[in-house]
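There are two complexes below, and they share chain A, which is joined by chain B in the first and by chain C in the second.
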Partner chain A sequence: MKKTALFTIIGLIAMSFMLPTGPSASQIIQKVDDNMSSDTRITESQMIIHGRRNSRTITSIGYSRGKYDNFTEYLAPEREKGTKMLKLKDYLWIYSPSSDRTIQLSGHMLRQSVMGSDLSYEDMMEDRKLLDIYNAEIEGEEEVDGKKVWRLALTAKVDDATYHSRKLWVEQERFVPLKEDLFAKSGQLLKRTVMSDIKKVDGKWYPHKMNYKDMLKDGQGTDFVVTKMQINVPIADEVFNKSNLKK
Partner chain B sequence: MIKFLLKGILGDKNRSVLPIIIITIGVSLTIILSGYMRGVMGDMIDQNARFDTGHMKIMSRAYAENKAQLPNDLALLGVAQLKEELKSDYPEIKWVDRIKFGGLIDVPDGENASKGQGPAAGMAMDIFNPESGEDARMNLTSSIVKGRLPSKPREALVGSDFAEKLNIKIGDEVTYMGTTMNGSMTFENFIVSGTIRFGMPAMDKGAIVIDISDARQLLDMEDAVGEMLGYLPGGVYDDEEVAPIVKSFNARYANDTDEYAPEMVALRDQNGLSSYLDMVDYFAALFVAIFVFAMSMVLWNTGLLGGLRRYQEFGIRLALGEPKGHIYRTLIYEAILIGIIGSIIGTAIGLVGVYLLQKYGINIGDLMKDSSMMMPTVLRGKFTPELLYIGFIPGLFAMVLGNMLSGIGIYKRSTASLFKELEV
Partner chain C sequence: MRLAFKLAFRNLIGAGLRTWLNVIVLAFAFILIVFYHGLNSGWNEQAKRETVEWEVGQGQLRNNGYDPYDPFTIADGHGRIDNPQAQGLEPVLIRQGSIYPDGRMFSTFLRGMDPNQKVLKVPVHLLKDSKADFPVLIGKRMAESAHLKQGDEVLMRWRDKHGTYDATTITVAGIFDSNLPSIDAGQIWMDIHKLWEITGMPENEATFYISATAKENMDVEGWTYYNQASLVQYIDDLAEMDKIGAMIMYGLLLAIALLAIFDTQVLSIFRRQKEIGTYIALGLTRARVVAIFTVEGSMYSIFASVVGMVAGYPLFAYFAKTGIGMGETPANGIATLQRIYPVYGVGLIVSTTALVIISATIVSFLPSKKIARMNPVDALKGKLQ
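And then the complex of A and B:
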């Protein structure tokens, strides 16, 4: 009798280890980072800025390398054509063909809106992996657009994070964020991003349409649509050189 | 009667000197403080009118809602047509276009990098056209520290403090970076034609002043304007004149649901100036009331002392059969005469004080160096015609009230015991 009870207990314990358990918050974020990050990336995109009076579409091509290097050239409309931005680590330069000047932006200017969009220069500059900046924990599971997602709470573990905390809704099947809320230290909701049109590019799932919404402003936000994306392709070093701005 | 009383007042110095001194001090202080306050408040209102509010201002409704953010994306469109309508409906009003804009001023170092940069407080007005009157209205020429007004496109005035900080010289090039009305990024190089100091720290730190035609091109604002300011012909704000204009203009668009429809706002309804305007009148009345009260107390006391000193005189006059009412009335007449003399002297001294305050003012520049408030750094008094008579109110009223209170003692004297009191 005693033997039977002992075996039962041991069996139950063994079974509990064999039961399928979900990934931890860190594992989820790691997989999100794997999807969203790459060694290099060339992205052709349209930024549709919905203003109160009208909407504008800005076309650009962006080159990124690792966590820190990013080069963007604006292709249309005419007003923006030829404007280039180069980000190297914490530095951002903008070149304007109309004035033939390269201006470095720093400090509070980085919090300004990029071309009237809902994105700030800081938002554009932030390319670090989420795991490098935040501690994560799973808050629960729910459905977004009919897809099962984990709701994760991320809290900054570094001092220089643009947003103190985030809430991230990560699709369970493909480990892609579908929605993100960005908060200030005070708890104020600052921005909301909704991702959609998830496509696989070179083995990585990536949202090809994102709506960024500055929650402190009225309006429909800014749509960012990826029209073409190449990842892990070689990009010449000279692309990420200041001299490339004036070319 | 008046001559008789005047002789008595002048002959008996004890009767008049102290009350006249008290009234003179009170009246002169009332006038100086009233003149100073009206000057300071008037300067602030005038400065706001010239720089920011106009006597009335037209904006789009959406712009007006968010005007603190200088939302040029919500600017008023169809300006040329609107101006024609305004000229025909209100021909006496001078209308001027203003565009305010924020952004960044970057100063190149000559080697493809920046020598320095700072936030821009941009202001565009009709500088090139001398008939616009903007130079005089904004005191541009007299505020220029070095150089001259912009006279051709792509020239700009920059804030003197900013220029000094970044060692910008006349003829140097600076780059403005900002956002157009449509949200596009805009860059433009300007030649610094001069440096300017408005005496308002909020503007002197990062001011860039350009002609409105440059701003329209820079910010994609052809036939658009952030704010259209209206000025009355005399150059002085008159609420009673402005209110009906504002009412009739806004009534025309009352049924228009467009959030970009024009909206006119009177000076008093901008920048919290209504409370300032009310405060000017309120404080002027308060000063007078305080001085009337304080001087009445002092003069009551002085009258009581005088009454005691003249106790015997009143007794004899009563004993001789002069009615109490007559003595009381002569006392009041005396008070009126003393009040008039004191008020005239006090008004003269007060006006000299106001003149000095108007001419030299009080410099609070050091206190204001970190301030972002739009107010002058030299606070000056201002002579207004009402200062000529405002002092007579406390001067006369306090003296008469003081004597009326102290003279009541006359009625308390018993005629039957007068001879005993007088020991005759």
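And then the complex of A and C:
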């Protein structure tokens, strides 16, 4: 009798190890990071800024290398054409062809909106890993656009996080975020990003349409549409050089 | 000289309408100069008074990192001194934030001040009486532009001292009426204790301290003291600049009036050659004859000053009492007064009178110089010279 009980307990313990368990919140975020990041990336995109009365579309081409280096050149409309932006680690420079000047954005200038969109330069500058800033936990599972997703709750573990907490909806099948909510310390929802049009690029799943919305303002926010993307292609070092801004 | 005045007076009265036309034009210039100077002085005095009462107090001790003309310095331009109240200093902390009335974003400056303060006229004491969780005070310009009224609730977003966003609903506990857009447009006033709490800043943290008593200087490391005179100096500078612009305007007007006197003098000397010849023949020196004609010309300005003062006094007195309505003023820049009360000092009247008399004397003398070169015989004959 004693033997039977002992075997039952050992069996149950062994079975519990054999049962399939889901990944932890940290693992999910890590997988999302792995999926979304690449050594280099060239992206042709359109930023559609929805205003109160009308919308305007800004076309650009962006080159990125690793997590820190970024170069963007605006191609249209005529007013923005030739404007270039270079980000190297914590530094951001903008070249304006109309004044033929390069200015470095720092401090509070980074809190300004990018070309009148719902995105701030600071939003673009944040390149710390989510797991370095937030403690993550899985809040639950649900469906977004018919896809099974994990709902992750991230709470800041450092003092200087721009957003005190976030909620992230990650598609279970492809490890792509479909939605993200950013919250103030008080719990007030501040911004929402909705990702869609997920396409595979060189073995990685990447959303080709993103809508950034300041939830405190009326309006439809800003759409960011990727029209062409290449990843892990060689990019010359000169692209990420300040001298490239005036070329 | 007495004879010159006597003759000049008789001649001018005898000339009738011609004299009075010249006098009226010159008197008009006189009134306008005095009026405009009075308006400028009135604005200057009022603007300074309002700025002192509502914004600068008796002086300010500013953090060296803060530049009121550069909003980007607000983030880091703050600090703390020990026990400022004992030194008669009232802390004011400024932070940046946004409010969202009707789904529109308004960038604002959050100004924290102690509701018990007595150094400024801003009615922050109203915050003490409010029952709202987070009462704030705004100016009428801010209320108009954001479409807010007393009792309205609106969402406010700001960042704490580490840069993390926070947001909550605030209630408009009161709307004040000030002529100073710099403390009104885009400004939200709140209890400084609340601002310290929501930004996580320690007590007495301030962007600047307002002095309750007049001090010439304060020596605090990391801070610079600005006395009241230096804080309102820009108003004097602006008034001075405005004066230069105005001088061009009334300089032109005065030039027209003086041109009329000049013309009259030229015509007078041409038509009265026989009279000039007679004076010389009777033994008057040429210099005396020149003096008679110059005095005659300058007497226009004396008449004009008298007429100007008589006609202008009721006008000046009326406006000094009731003020001049300037209408609705734009919500930016320096003190924009809805009603300006002109100030006319004795110095202003004396200097304007002197200006008119001296300039009229000069333009009267210029054509009169010709008399010195006249041949008395030809003059007696009335020959053209």
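Methods note: the second predicted complex is superposed on the first by the 237 of 247 C-alpha atoms of A that agree within 3 Å, B and C clash if a C-alpha of one lies under 4 Å from a C-alpha of the other, contacts with A are read in each partner's own complex, and residues count from 1 in each chain.
Definition applied: a residue touches a chain if its C-beta (ideal position, glycine included) is under 8 Å from a C-beta of that chain, and two chains touch if they have at least 3 such contacts.
Computed from a predicted model, the values in this text were never measured in an experiment.
Asker: State whether chain B and chain C clash or fit side by side on chain A once the two structures are superposed.
Answerer: The answer is clash.
Asker: Could you say whether A:E80 touches chain B, chain C, both of them, or neither, answering first, second, both or neither?
Answerer: First partner only.
Asker: For A:S117, using the defined touch cut-off, is the partner it touches chain B, chain C, both, or neither? Pick first, second, both or neither.
Answerer: First partner only, chain B.
Asker: Return the chain, chain B or chain C, that is in touch with more residues of chain A.
Answerer: When the residues of chain A touched by each partner are counted, B comes out ahead.
Asker: Between chain B and chain C, whom does A:S98 touch in the aligned arrangement: first, second, both, or neither?
Answerer: first
Asker: A:D237 in the overlay: touching chain B, chain C, both, or neither? Say first, second, both or neither.
Answerer: It touches nothing on chain B or chain C.
Asker: Please indicate which partner A:H164 is in contact with in the superposed arrangement: first for chain B, second for chain C, both, or neither.
Answerer: Second partner only.
Asker: According to the stated criteria, A:M109 is in contact with first (chain B), second (chain C), both, or neither; which is it?
Answerer: After superposition on chain A, A:M109 lies in contact with both partners, chain B and chain C.
Asker: Out of 5-13, 41-49, 221-229 or 257-265, where does chain B run into chain C after the fit?
Answerer: The stretch that clashes with chain C is 41-49.
Asker: Using the superposition described at the top, list the residues of chain A that contact chain B and also contact chain C.
Answerer: Chain A residues touching both partners: 108-109.
Asker: Report the residues of chain A in contact with chain B in the complex, numbered from low to high.
Answerer: Residues 49, 51-54, 56, 77, 79-80, 83, 94, 96, 98-99, 101-105, 108-109, 113-117, 246.
Asker: Tell me, which parts of chain C touch chain A in their complex?
Answerer: Residue list for chain C touching chain A: 71-72, 74-76, 96, 98, 100, 102-105, 155, 157, 160, 162-168.
Asker: Which residues of chain A touch chain C once you look at their complex with the stated criterion?
Answerer: Within the complex, chain A touches chain C at residues 107-109, 156, 159-164, 184-186, 188, 190, 214, 216-219.
Asker: Using the touch definition from the top, list the residues of chain B that touch chain A in their complex.
Answerer: 62, 73-74, 104, 106, 108, 112-114, 117, 119, 175, 177, 179-180, 182-189, 220, 260
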